[in-house]
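In the two complexes that follow, chain A is the common piece, with chain B as its partner first and chain C second.
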Partner chain A sequence: MSRPKRVSPSSRRLGRFGILVAVAAALLVGRLVLVQVLNGTTYARFGAGEVNQQVPLPATRGALYDRNGNLLAASVAASNVVVDDFQVTNPVAEANALAPVLHVAATRLATELSQRNGYVVLGQDEPSSVVARLSAMAPAGVTFQSTSLRVAPDAVLFQPLLGALNAAGRGVAGLEEMVNAQLSGRSGSEVVPEGPGGTPLPLAPSHVVAPHNGSSIVLTLDQPLQAEVTRDLSAEMASQHAHSGVAVVEDVRTGAILAMVDLVSTPHGIVPASDNLAVTSVYEPGSVMKIATFSYALKDGVVTPQTVLSVPYSLTIGGYPFYDAEVHPTQPMAACEILAQSSNIGTIEIAHQLGMSRLHAALHDLGFGRYTGLGWPGESPGLVGSASSWTGSSQGSVPIGLGEAVTPLQIVDAYAAIANGGVAETPHLVAGTVSPTGVERPVRAPAGRRVLPSWVAHEMVPMFESVIQDGTAVLAQVPGYAVAGKTGTSQQPSSTGGYIPGDWNASFVGFVPAQAPRLAAIVTLNHPTTIYGGSVAAPVFSKIMQYALPHFGIAPPTTPAQPACTGVGAAAPTPA
Partner chain B sequence: MILARSARGGVPRRRGELGLLFVAGVAVLLADLLLSLALTDRLPSHVLDFVVALAAFGVGVQLVNRVLVPDADPVLMPVALFLNGLGYVFLTEITYRNPANYNYVNNPRGQLLWTVVGLVLYLVTLLVVRRSRDLERYRYLTLVAAFALLVSPMIPKLGLSVGGARLWVHFHSFEFQPVEVAKLLLVLFFASYFVEKRELLTLRTRRVGNHLLPDLRAFGPIAVAGVMSLLIILVEHDIGFSLILFCAFLTMIWVTTGRWTYVLIGLVVFAVVTFLASHVLGQVNQRIEVWLNPWKYYDNGNGIGLQPVQGELALGRGGWFGTGLGLGTAAQVVPVANSDFIFSVIGEELGLVGTSAVAIAFLVMVMSGLRAAVRARSEFAKLTAVGLAAILGFQGFFIMAGVTRLLPLTGVTLPFVSYGGSSLVANYILLAVLMRISNEANQLPDAGGASRVLTSSTSGPSGPVSPAGATPAASRTATAATTGTNSR
Partner chain C sequence: MSAAAGPDGSGRATARARQGEPRPGGGGRPDRQGRRPALSVLDRKALLERVRQRRVRLLLAASGLLVAGSLGTVAAAQGLVTSQQLRLDQIDQQIVQQIGRTQQLQVTRATLDAPSRVLGIAEHGLHMVTPSSVTYLTPTAPATPSGRGRP
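Now for the complex of A and B:
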């Protein structure tokens, strides 16, 4: 112990080497501190999401109801039935077992189960009852993938309105698209760290964002009325061999759409159109457009209902001849008669006095050539053109509803504005929402806008009444109620110029009760056998209203109908 | 009391070793249980087997050491158990989470088998090598054997190339990296060679101008080492082992002669060799470029930068304490995580604490080796211990430094931790030789009171030897303090 220590030179060098080793270790640990702790968060951010799988937690899509709470569309849980056919030892036996449950031929199933591909979809969107039966059988290799299925119990009535979902469950047409944001809610997610084979790591922290289910939507539509309108329109289309038909019923006081029916004829019969034609398809309206000329001529004092004009049978404007529907000698006609008899020449004369720029303003104010505010995806604003784009002959064509394109909804909106004392309510389909927890919340109807002074509206109503009482649309009468309205008969323009021979549009638009209007409706038929709106569309209007008025508890007003047109009375009715 | 304990020979050391083995075994067992809970949410079905295996390891090592090397270092084998066990647990995870990539041979069962083989060879080595000087006898035979092993991957049909590196020989499904054994043989050769030529290497006999330089023949070994390195690089297409062997060689020659000239010349030689090799082998330049900027070679996860980038991201995700066993991502996203980059998986799941523990475990092993060297009475034993410790240390350091991008990646296994049978077996043999030398050093009756006192005081009251207290630097200071004399 007391002996002085002798350290050999090589041992001293070993000591130095030891120091070198310690320094190397310190460097390494220093680097680790730098990488793992000091810069760690940077690296951690880079590397997040490397293995983490984000599993979406889908939100349940909200349902669609009519105004009475009838279910129009809802999502129900369903499953895809998938089989790993490598696990199937006896395809024929399994096919025989599965066939009655899946309603697929056993021979076809046996083929499917023998294709050795590992992932065979045997059934898509199968209801839970099928899943329950299959689970009980526990067939080899069969697994279920949950999906959701959109069911629409009254698809035959509402299909053009409901629209469609894409494979991802997002609304891509119709109401499903229009209110997709409310219906779909917010899907949640779960971040699960997973192995490459999809092996989840059970103790790994998973971050869950719960889904927020979609709200349900209560629509303004009335299912029984929709059924009635469909029945009436379909019957008329059948008897008239019409190619398509559209009918819209609107509450004039609120703009709520109560029924909206789009039908087409197919070799298999009359079926719902693939699209909501009332909003997306345009046509040349014809005489129903005379509302613009008359209402603004009254408003600006150009004429009164009793103003008498001298009306010839024909008139040449801008190089084009215009005619009344039936030959007649030049005769004096009161303004109200001109409307009731749907005289083209008389209307053109009044429009001439009004002037084209004011006529253009009238069309614009009444909602033509612009969106209605319904918010429908794919809605057409129609086409009116600008006053400057109008040619010489436009002075003759525009007042009588030629050379412009409108949607049926735009027409019924304009008439509803007259019926509502000059205030155009914005048409709408959504009445309210129901939150996922069941709280009902009405949606405030969009604000309306005044398009005409009320006195003009009040003067217009009797003129439209006379159309029904003794004009072109006596068939639109509803027993016990005073009806106001207008017929329209027009041709389909040809893509090569001019019109397609024989391709007519017959329409009627009107509202009841005339004294205190509540409901407005338009009925149009494309390519009917009988071409006149007064003959084919007006009777459908009458049937619809005979059902709708008592259905909504609208009693006939006690106030008597205003006196009809007291005109010159020289002309016979001329349908147009 | 100190003397009494010393008089009873190795018992305290073995008792300390038993305690350390127990601690290491419990740590590994806990890691295995935690991993199983994380991956499968329940305790492993093989838990009893695992406990038995760990106990067999500990008891077996303890018995062998008590009989064959009672006075040997008490730290080496417990640290080996810790690293080997930790590696096994991580290999289990990596295999579990990449089921498609690993076959029976290349999985933790294979590692378990190799551990058994390694331990058997540890026993065999201790039985065959009863005295360290036994190893000195066959100097040139060792050299020839080392050469033969080094070139063996060149033999057609026997050699096997993996990832561009021709490091393997194989018989059927049995694969082996001869370089792992060759590295031991080369250390033995250089140790015996240096011992004999020490005078020649040290004395300056040649006058050049005003300076005296060693005889030219003295540079023979450097030339041999240089050729050997070049050979390894060319044959194996891999720079890792070449670098490690050369560093170990320089350490040994410096410890022998104390001449920096050799180190400088050696580094120049190695630089030239590397430069020459880089013309043949794109790997060298590539490794340096990837080291400097791995993102440039990331190429959306298709480039050669993928592994270092993912490894570094994994280390970063680990932070202080890691994500927890089985809860990291590196086990899946780092390519070939079971081999060179297993350190990044440890870094992610056990954090800085885990990586530091591994780094310190290596430090402890190297320091234990150096301690054996300091105490060794024969120069051969001393140099052999230094060489073996240096090989273990450099290999661990280079791969850990490579994964952390402290240095360019060298692509060697992390001893005891990475998957690799030959590495594991060779390292257990290496430990056997170190243990033999350590045993001799501690047994010699007149090995010098100072070192004996030191050993007793550090492994005495506080139980197991603490690594810091065992460093030669510290021991010298401690000795100086106790003896009250300045050794210089």
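Now for the complex of A and C:
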């Protein structure tokens, strides 16, 4: 029989101690697993966040060019000049040194350098030349923060089109907003390991995601033409004391917009509008809208250019009287003569035969009351009510361009469609892109749509020619070229109902050469002294085209112009 | 070693060495007086051991040289890479500066070229006047694209 094994107290204590150590070790291992395995990623991220500093690397914004490669807007490197005024020992001396470079009064600089707040911005968006001069001077406490400055070398010509950027460098208006995605590119970043004091650790590995600079945009606009249109329009506005003026020149074959000018009168003179009025502002167009009535009346066989109607001086429709511009006895007038003389009553008679639902279809098909497809931010689709919403007097107002609101661009698009054989090309401003590496890529023009049969368009052209040859717009003639177009004169609606006395809009829209149209343009003036479109807008159109046709090398077609429509009546031209 | 241990004991060998006599196995070359040293038969095993040791020393020396050379090469390469990286950084910085300068010059050129500026100088600086009527030369050829391209 063996004796029970006797365990000494020391062994027992040693055993207990061993158990304690084992438990402690197990706890440590458990904690280790918790920290390293289960929550390892979180702690690693937290640790990296304490050390690594992510520095954004902004992408350079692309530039805007006209169709000839002229620079319209670009971003250039600039710097904010910042000073830690605690490091400035002699504010007056430093202010005297910095003042001539920063073009700021020395006394003001001295005050700012004595604020004692540690961060004083002395200059914003300073060019590199200023930075270089300041760096050479090495003034105490001065540092530079890199920024980017957007500059427009010829802002006077293009300001309403270019738009603006916000403080973050994002396009918030105009072209800058419209093509912001292409221009802005994609920012990169750099992860820089830093020490506790925020000092970058030397030779520490850093992770860099390179920025992808934005592409540059080549526009369809033509800078010389834009300058000429601006000059002609502003001269007419000045002589007519007009409140505002808009002009658009478009290539009828492609829909490319070649010039787009928006001007307003201010006490300081005629200046670019703050917005692109040609697209965002609507007005009651007047007789230029007769295109809808006549084109669909021809299409539906309601009239031909030679159809003769008996036209009185006035008509009462829906309880409202409508008049021609000048008093005349009831007389026979051919349809083409009605258009050439811009007879309101004759047009209303044709529209009555056409029917209001067809007239509404004509307005819709020609692009009124809907977006043009330009993609302009803030574009207005215009105001064209549904046929069911029209009242009795609408039968008199809508055919002659009253009671509806359209943009100048919509009107020139409709006339360009006639000029292009009935196919409306989508207006566009972007011709191509240039990648950051310099690769040019043309942007395919948006597809056009047929709005009228070609035979209707071809019959409309001589009718519009007669407007220039012996109608209301003889001042739109361009020497050596056949011109087709239409005048428009309308009153400015009042917000309280009715119209504002003496407040008129004068318009002319046309295309040239009439035999083989290449260019279409609209000119509108708001509140001119002489109210008629044929008197104030048509001459501007003529001047613009006299410059534009040779500028683009467009020779007069060798084919003779179609004989203009001749009327049967003896009505005197009625300004419209 | 056996090279110092002669048949008559190490004491004599030491004495010979002091007197300038050649040691056994110290080579068969005659001394100044033309006497040849006493020859001895070396143990083959010892001879092989000496050769092995010599090879080991040689190998160690070569390895040392190789390691030192490699380290030197790596250090030189590192230095070269660092200096080139520094040069690359400087060139990158110069490129950025030149791009900025180019942009600035393009803007300056466009500003100088701007039609409104040219017109302003002509009218206000040079007091030129806009003619009351302008006659443009009408192109006579069939619509050929000009240098500026089609509209």
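Points worth noting:
Assume the second predicted complex is superposed on the first by the 530 of 576 C-alpha atoms of A that agree within 3 Å, B and C clash if a C-alpha of one lies under 4 Å from a C-alpha of the other, contacts with A are read in each partner's own complex, and residues count from 1 in each chain.
Here is the rule we go by: contacts are C-beta pairs under 8 Å (C-beta built on N, C-alpha and C of every residue); 3 or more make two chains touch, one makes a residue touch a chain.
Worth saying up front: this structure is predicted, and the values here are computed from it rather than measured.
Once chain A of one complex is fitted onto chain A of the other, the partner contacts of A:501 are absent, as it touches neither chain B nor chain C. When the shared chain is aligned, chain B comes close enough to touch A:25, but chain C does not.
Residue contacts after overlaying the shared chain place A:558 against chain C, while chain B stays out of touching range. Of the two partner chains placed by superposition, only chain C is touched by A:479; chain B is not.
On chain B, the positions that touch chain A within their shared complex are 37-41, 96-100, 251, 254-256, 258, 310, 312-320, 324, 326-327, 329, 332-333, 347, 351-352, 355-356, 359-360, 362-363, 366-367, 370, 373-374, 379, 382, 386, 390, 393, 397, 400-401, 404-406, 448-450, 453, 471-473, 476, 479-480, 482-483, 485, 487.
Contact residues of chain A toward chain C in the complex are 67-68, 70-72, 74-77, 127-128, 151, 153-154, 156-157, 222-224, 226-227, 230-231, 235, 251, 256, 258, 479-481, 516, 518-519, 546-558. Of all residues in chain C, those touching chain A in their complex are 97, 100-101, 103-104, 106-107, 109-111, 113-117, 119, 130, 134-146, 148-151.
Of all residues in chain A, those touching chain B in their complex are 1-7, 9-11, 13-15, 17-19, 21-22, 24-25, 27-29, 31-33, 35-37, 39-44, 46-47, 50-52, 193, 195-197, 199, 201-205.
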